[in-house]
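Chain nomenclature is as follows: A, B, C and D, assigned in order of appearance, with residue numbering initiated at 1 for each chain independently.
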Amino acid sequence: MNQERVQSCIDACLACARECDSCATACLNEEDITMLARCIELDRECAEACYATARLMGMGGEHYALFCHACAEICEACAEECEKHVEHGMDHCKACAEACRKCADECRAMVGVNA
Amino acid sequence: MNQERVQSCIDACLACARECDSCATACLNEEDITMLARCIELDRECAEACYATARLMGMGGEHYALFCHACAEICEACAEECEKHVEHGMDHCKACAEACRKCADECRAMVGVNA
Amino acid sequence: MNQERVQSCIDACLACARECDSCATACLNEEDITMLARCIELDRECAEACYATARLMGMGGEHYALFCHACAEICEACAEECEKHVEHGMDHCKACAEACRKCADECRAMVGVNA
Amino acid sequence: MNQERVQSCIDACLACARECDSCATACLNEEDITMLARCIELDRECAEACYATARLMGMGGEHYALFCHACAEICEACAEECEKHVEHGMDHCKACAEACRKCADECRAMVGVNA
């Protein structure tokens, strides 16, 4: 696994984690929070997963592949949920969904699932 | 998955994470750190993995099983390394290895691998 | 600072972090989430603060006092918010408020503010 | 506090956290680890502090200033230690020290200490 690819995946994880935390906060300031409850839940999980996966990659060990795999799954679930709210004008959900899709792709590339 | 079992796994993850952070610090205060370099590396990874896995379980979502699986792998690697240093009187490695083995067992039980 | 007191504060931080994550999840499953939006926000901040503070103490370094001070402030804000919802039957808020108060006390004791 | 400044501080915290984790790993692969033991300890603390502080800022709450203050202190301690090893050709310590100094400056600006 070349180092450039790892750094690119860390970038994607950290960008995704930040969007997830921002999206959760933005959701909590929307008028209809009930509609966004599952989005907030997945944002929280996804942010945690992305920060931890980024950090494990950054430590340079040999055990991050399974975390990348697990992280990709959460990112996809979060993207799917966020995408439902784009048509209701939730720009934070749009930005979050895009970051999640990118992160899922990069994480899958780390485990060879996309190869 | 019953809630009691989840709480027990969270307990094991947090206990393991604490032992890993303590073990790394103790290793850095030993005389022959070079011998313990890989132990410190795995302690760092394992602590991060355990804290994140505990937190994902604690959030009550549906996506922790893959993280438990990934966490168990790191715990086993860390236990294996720590066990090498027990005969050299490293009590922190002994305590850490035991916490890692317990955490690996609990995490595997979460994904049904040990069932 | 004796080691027993540090361990007790780590215990309180981790217990508080777990209650905060649980409370946030429980809030997101209540009927009137809007009323609980600020509670969820503070739960998220408080969980993050408590996990980090616990970990810094567990690493045995010399720089945790300022984190304990910062953590106590968030714990108190979270407790204050949670307490508002106890009369509406929010048991998770009650449990969370208690854990936050205890954690704030232990953290303040670490910095001598309560001494 | 304008949002641009917050984002810039989050950037600095995450960049610093990554350098700290990388520096710790690189230190563990050097020949004379004993000389670097304190550097590794501070790298670990600083990475944890920076990730948590970045995340608290990213959540958009009101309680990050004390964390920025606490984080700046650890960053400065880590920078000071790393700088000792630059003359021994430790490029990872040089990169880490620079990221720590920048992060400390940005964090202090958040609390008005540098104002």
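What we mean here is this: a contact is a pair of C-beta atoms (placed from the backbone, for glycine too) under 8 Å apart; a residue touches a chain by one contact, two chains touch by 3 or more.
Being a predicted model, the structure only gives us computed values, none of them experimental.
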A-D compared against A-B, more contacting pairs: A-B
For chain A paired with chain B, centre-to-centre distance based on mean C-alpha positions, whole Å: 24
For chain D, residues that touch 2 or more chains besides their own: 24-25, 41, 44, 51, 55, 59, 61
Graph class of chain-chain contacts, one of line, ring, star, complete, other: complete
Parts of chain A lying in touch with chain D, wherever the complex brings them together: 10, 14, 17-18, 21-22, 24-25, 47, 51, 55, 58-60
Of all residues in chain A, those that touch chain B in their complex: 41-42, 44-45, 48-49, 51-52, 55-56, 59, 61, 63, 66-67, 69-70, 73-74, 77
Interfacial residue positions of chain B with respect to chain D in the complex: 24-25, 28-29, 33-34, 37, 40-41, 44
